[in-house]
Amino acid sequence: MFYHDGKLQYHVRVDKPNPQFAKLLQQAIGGIEGEMRVCLQYLFQAWNSRGPQKYRDMLLETGTEEIAHIEMLATAVCLNLEGSSTAVKDEMVASNPMVEAVMGGRDPRHILSAGLGAMAADANGVPFNGSWVVSSGNIAADMHANVMAETTGRVLATRLYEMTDDAGMKDMLAFLIARDTMHQNQWMAVLEELGVNQTYPIPNSFPESLQNQDVAYKFVTTRVDGDSMARGRWTEGTSIDGKGIFTVEPGVPVGGVPKLSPADKEVHGQVEQGVRPDDGFIDKVKDFITS
Amino acid sequence: MFYHDGKLQYHVRVDKPNPQFAKLLQQAIGGIEGEMRVCLQYLFQAWNSRGPQKYRDMLLETGTEEIAHIEMLATAVCLNLEGSSTAVKDEMVASNPMVEAVMGGRDPRHILSAGLGAMAADANGVPFNGSWVVSSGNIAADMHANVMAETTGRVLATRLYEMTDDAGMKDMLAFLIARDTMHQNQWMAVLEELGVNQTYPIPNSFPESLQNQDVAYKFVTTRVDGDSMARGRWTEGTSIDGKGIFTVEPGVPVGGVPKLSPADKEVHGQVEQGVRPDDGFIDKVKDFITS
Amino acid sequence: MFYHDGKLQYHVRVDKPNPQFAKLLQQAIGGIEGEMRVCLQYLFQAWNSRGPQKYRDMLLETGTEEIAHIEMLATAVCLNLEGSSTAVKDEMVASNPMVEAVMGGRDPRHILSAGLGAMAADANGVPFNGSWVVSSGNIAADMHANVMAETTGRVLATRLYEMTDDAGMKDMLAFLIARDTMHQNQWMAVLEELGVNQTYPIPNSFPESLQNQDVAYKFVTTRVDGDSMARGRWTEGTSIDGKGIFTVEPGVPVGGVPKLSPADKEVHGQVEQGVRPDDGFIDKVKDFITS
Amino acid sequence: MFYHDGKLQYHVRVDKPNPQFAKLLQQAIGGIEGEMRVCLQYLFQAWNSRGPQKYRDMLLETGTEEIAHIEMLATAVCLNLEGSSTAVKDEMVASNPMVEAVMGGRDPRHILSAGLGAMAADANGVPFNGSWVVSSGNIAADMHANVMAETTGRVLATRLYEMTDDAGMKDMLAFLIARDTMHQNQWMAVLEELGVNQTYPIPNSFPESLQNQDVAYKFVTTRVDGDSMARGRWTEGTSIDGKGIFTVEPGVPVGGVPKLSPADKEVHGQVEQGVRPDDGFIDKVKDFITS
Amino acid sequence: MFYHDGKLQYHVRVDKPNPQFAKLLQQAIGGIEGEMRVCLQYLFQAWNSRGPQKYRDMLLETGTEEIAHIEMLATAVCLNLEGSSTAVKDEMVASNPMVEAVMGGRDPRHILSAGLGAMAADANGVPFNGSWVVSSGNIAADMHANVMAETTGRVLATRLYEMTDDAGMKDMLAFLIARDTMHQNQWMAVLEELGVNQTYPIPNSFPESLQNQDVAYKFVTTRVDGDSMARGRWTEGTSIDGKGIFTVEPGVPVGGVPKLSPADKEVHGQVEQGVRPDDGFIDKVKDFITS
Amino acid sequence: MFYHDGKLQYHVRVDKPNPQFAKLLQQAIGGIEGEMRVCLQYLFQAWNSRGPQKYRDMLLETGTEEIAHIEMLATAVCLNLEGSSTAVKDEMVASNPMVEAVMGGRDPRHILSAGLGAMAADANGVPFNGSWVVSSGNIAADMHANVMAETTGRVLATRLYEMTDDAGMKDMLAFLIARDTMHQNQWMAVLEELGVNQTYPIPNSFPESLQNQDVAYKFVTTRVDGDSMARGRWTEGTSIDGKGIFTVEPGVPVGGVPKLSPADKEVHGQVEQGVRPDDGFIDKVKDFITS
């Protein structure tokens, strides 16, 4: 169960409201790199958690913290939209239409749909999409999804930090950037606990003998001349999981040319596509339906 | 530029066509864990690549290989759909409706829309979504996105492996599972090249002094009693990036209660919401439009 | 069946074409508050209508009227786009780039994809989404969905009215705003016919004795100190449906800590997550498939 | 800021796990009538709230409660998925394939993507969509959106109640159905506080004199014979808002036939569509770009 | 403006209700090949029409007819859902679970969300998407979009025809299939009016001399050995538009290796990606914002 | 299997980087008229191809070429974004904010999410959607889908050509426009090979005698006065497929008023909607589940 106190986790102050910056902040709310995604991702991972209790607890802790981050950002959007229609805009008329060119304009739906409030959408107004909420049932895969979310999230936050000179906004972003630092470290700490050699390849519960061992540590080059220019740690030495040796090899199509049967009569391709002798299957189905 | 030879990278053989398994395979084509995502993700990362040439080359290599994986899976879907309408189904009538219960039925659009072919959609027929293609402009964030994609992808492939007893399908999946092993190792090898202490926190080009250092290595507990039960590697010792010490602390709302101004008159909230004195902004805008 | 006469229900006149306003108008066509939603919602509710014939008739009447509203708005978009590329823009160069800042720019797809025509999308170019079309099979729930659509729709129309000084556009919007007034009243009139005490809680066909009566009229506070600051009509007196008395009570987690079983072996979590003894289920399924 | 205690608001017990019912429950999590929508809708409305503080407080209270509802339902999904792969299924083989026919099969992504966990998606696996989160900036419109969400939500919950005979699931649903009763009453209580005559038409801050009064209380029939069969409370008597008299009138197309200009040359319609004399606008733009 | 008479354009009769067939019919309502798409596509093309009036008239005629087709199909869904819960299902228990296997199960949202009504979604419950509504502003491109819609639509309808043995449903589908025949011919008749040589390449208003004539009639083979196996009408003879001669040639990458600059400092790639000397642009922007 | 050489099919040169033009180019990458759609459409059609081998080969050829087109356009986006933050912008401040007004602003996600790289999205940032990938299993329907894609694609490319004066961009677009010319001709060449009279109506494998012949060549007018103003090739003469004679006739609703049964008790409409006598079906289902 969840509780609230109506207060913000950290200061949210806007010195000069700026509706274009409100638009940019939406990416950190409802974008794929944003807080709605990490919040729901950690909560769903917690609720779906099977295995050691401490991981469920930890996910619930941080998932709950992230609700407060959405709250901070939504408040920041509201503050950037209010009053903005006056003072700042007046200056803008006089001197700096260029800002618009850099920023990409304000989101018209901040007025039309939200009446100067935040939305569950990204910086282009594209709605938040539940498909981004990853909870795979595999703790190591989930941790990688979380590291990934926090790295793209911190990259986003630093870009937002660069795009504003509002001291209040910079202060808020410096807080969120630091929390992303912690969370990157946090999910990587779980992976360290699990151990590299023991963890990979993920999932580690699938017997490695069942995979096609011939190609498990082979860098396949698809260069048309077969001579890869992409050499690095991944083309030589022991593999990262410690279970193989990296090699390089040109891709060869051992699978041959695929052969499909002619089209079934019942799905009505063109007659020129050929027709398999009628096997009466559809009729059989119809008999069942109508008998 | 790209080339093809019309052959499959590896054998795709279906001994007993099974339209329900065709539906499951769609997740590996057009699902968020699927091959369309990794293929396009690696190609866009390559095309957008700035910095050392070898990373662009490497991404292009593997992105091109993944096209062949979509090709293999699309062929597997086609083969599972063909002929399936007869022999296997006849057995099913007699003995095992339960299979249906486990598998969740076939995708009707495999008949209605695709005429027994593969689609750019997941196992529920939800279309592939371009938002899943991550290319952030930060090589380390991108590598984490790639590791994540390959871990959830390999988890998916092992589950598909469990769901079939078709020797041909198991052979194909054992190949794909092994390639996922390589690719997990490959992206981690790049991260190893970049180095842990040098790489984190990502992005490493943002001056750490600008983040709020007080909270950068602090595990914030949101338990209502302030006493976290989630202890582990992430609550003590040096942080993973080697730049801080993990501590635990209850969350405290230092931000206070947010205060928003009354609604602007022009966005037409209810009068009960209060109205800010008319500042004439909209009129000013209209003057511009109509002058 | 449906008929047309090729004429507009009301005047659509644009005195000064304005491509940015065309973009804003798109919200009223393909946005969630727009006319495509109400049109299709009323028509689907009519077509799905079970029960008194007069409700089906009424829904069909107004659903058909709404097609004419889409027609008017699409025409308004076209008129705002045409010629706009010349005269108005010339003025703009000289004097008012600020308008752009306020409005958020024009929709590039109005040129690129639609060739100066209207689209089935919102003010940000996000396509109309069929999930917004609510037809629940419960007449009272549907009426609430309709009132909701007309209230957010009228709010949108008044905001558009504020954003333009074009006399023709104001005239058209004054018409649409008035129709929204009628439609708000119309759906509320149905709810009045059904009666408040008889109608709620919706659905009224579910025996109230089967719900958990202890919590049916209790305002649960989730404030961390248990002392709600949100007092009003909803915390005291007879409930609106006349079937209970409003009270306030702190939320208490009577459900305890959830306990999930360890991960199934077959779905390949990590081994660290524990594994339930193999129950052979998947094998059993495979036997069915291959027998 | 938000807190948690890791416990469930109410009992979640599953006596006989049933993966098909897990699929149905997804509609109550990630469907348009589900708890993610109401949770985020109330929270965004709270965060965006301008006007009397008590409404912000109230929205925050109930938005926070709804997180606990998602938690309950996610737990219910997990419990319905676990163990289900064995005992219940064995019975199913023997006796009741029909259940499958009624229920529509299980969601394959519960295995493939979520490893027996809940997802942010509906009963068909269609992801949650942020466009459903309505926060309009108008308190009365928002309340209608909330009533609508709780009515379709309660209808959904009663249907789920009918679809199961699991005593634990019925107990949980009886709790959620009762909370929906409270929440329907709660949002209606706000509307009662605001008052009917004062509230409508929404928004009440737009001067009624500016709307086209001629058509504000007129039921327009679009029947081809002009003789409406849809008579009721909405065609006679004082309007619900007390500000007009309902009348009926056949629709008449006063707007005439729309006239659009020929296609602009620059957007490249076909030459047969006619071309407006080149006004050189695009060239003018290009001059700016290249100067 | 639009009118209705509440009657169906053609008979809709269901002899044996079948909820699985209701699910399949949804593809013809809200699927990409369905009637919502063609209806809205023709109406938007009409409303956006510039050029000869008769094309606008024609599009309005057929767009209006298509509303009646959605109405027929929605009615067919409703009829297939009603009563179905009893008689037919009883038979199903006894004899034919296989039907389920073929059909893919019923749509649970037909019960949960729509209360036995039709939805604005496809056969997998994926919502209708406005992006499918093509209105390009080029009459010839639009006609091709329409032919395409009617060909995939007729293919869908014939597959539905095969999937049922209900005499009423076959009668309805035979009507719709015939209308698709007319509409295929209709849009092709417009193209014939416009003429092949005059029409292509579309758009014909772009001066052909401005395209790269060297590659306008060249079939580029991407076979890795440069020897195309795909010979046909498109590799020899005069081109279809009569303006060129078809030839075949291996693809050659004349564009060379792309060279991108190092990452901008402000977008925070990793330092390993190199940094362009700080040009102070962001600072310049910030000056504007804060001045 | 697929190969690459890391080089561009044609020159991609940007003389004056322009981030707004980068935004416009996105429509040609991830928009419905763009290269991702045609690329994936041709590849899926190839992989799903049943019938003459040469069509599969041809589709694979051109699908592979299209990958190189995405590569070119992604490179063009990158080049338009780089450096752009300085020189060009400086000019813009001084002289031409109007360009912004015409173009609609830059895409903020090009900075925030992609770090100055291309995305799998359209010109409004709406993600690429897999539903656009048409592969119907009918070769003639597929060819029409391909012609349609190339016509809207070429229209888009010519509009982009008009929007830029950058010589490099014009050169690249002149190449792509010419390739669209070839591809329009190519797909039409297949249709010519198949023959008009033999091909239509599509699918030609459905016996024409089974369609409702009465309405197969009848132009139905829905004008409310029954007198169609839309006369042309489609209202007289032999039909295009040579199998009928075009006639005109007013639409008549022969289907009568639809009659639906009262709502089922179990789906909980309102009691006012009437209730069918309880048939005990749901109980029967529950017996199965719990027995």
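Observations, loosely collected:
Letters A, B, C, D, E and F name the chains as they come in the text, with residue numbers starting at 1 for each one.
Methods note: a residue touches a chain if its C-beta (ideal position, glycine included) is under 8 Å from a C-beta of that chain, and two chains touch if they have at least 3 such contacts.
For clarity, every value in this text was computed on a predicted model and none was experimentally measured.
When the interfaces A-D and D-F are ranked by C-beta pairs in contact, the top one is A-D. Centres computed as Cα averages put chain B at a distance of 26 Å from chain D.
Chain E and chain F have Cα centroids lying 6 Å from one another. Computed from the mean C-alpha positions, the centre of chain C lies at a distance of 25 Å from the centre of chain E.
Of all residues in chain B, those touching 2 or more other chains are 1-9, 32-33, 47-48, 50, 57, 60-61, 64-65, 68, 75, 78, 85, 89, 96-100, 102, 104-105, 111, 113, 115-116, 124-127, 129, 131, 136-138, 140, 152, 155, 158-159, 163, 202-203, 206, 222-224, 229, 251, 253, 255, 258, 260-261, 263, 266-269, 282, listed in ascending order.
Contact topology of the protein chains: fully connected, every pair of chains touching.
Considering their complex, residues 3, 5-12, 32-33, 53-55, 57-58, 60-62, 64-65, 68, 72, 75, 78-79, 82-83, 85-86, 89-90, 111, 115-116, 126, 129, 131-132, 134, 136-138, 140-141, 144-145, 147-148, 151-152, 154-155, 158, 161, 171, 174-175, 177-182, 184-186, 188-190, 192-193, 200-203, 206, 208, 210-224, 228-234, 239-241, 244, 246, 251, 253-258, 260-261, 263-264, 266-269, 279, 281-282, 284 of chain D touch chain C.
Those residues of chain D that touch chain F in the shared complex are 16, 18, 91, 95-96, 98-99, 102, 155, 158-159, 162-166, 224, 266-268, 282, 285-286, 288-291. Of all the residues in chain E, the ones that touch chain C in their complex are 1-9, 30, 36, 40, 43-44, 47-48, 50, 56-57, 60-61, 64-65, 67-68, 70-71, 74-75, 78, 82, 113-121, 127-131, 133, 135-138. Only residues 23-24, 27, 31-33, 96-98, 100-105, 122-126, 152, 155-156, 159-160, 163, 222-225, 229, 251, 253, 255, 258, 260-263, 265, 267-275 of chain A touch chain F when the two sit together in their complex. The part of chain A that touches chain C in the complex is made up of residues 1-6, 20, 47-52, 89, 92-93, 97, 99-100, 104-109, 111-113, 115, 124-127, 137-140, 194, 199, 202-206.
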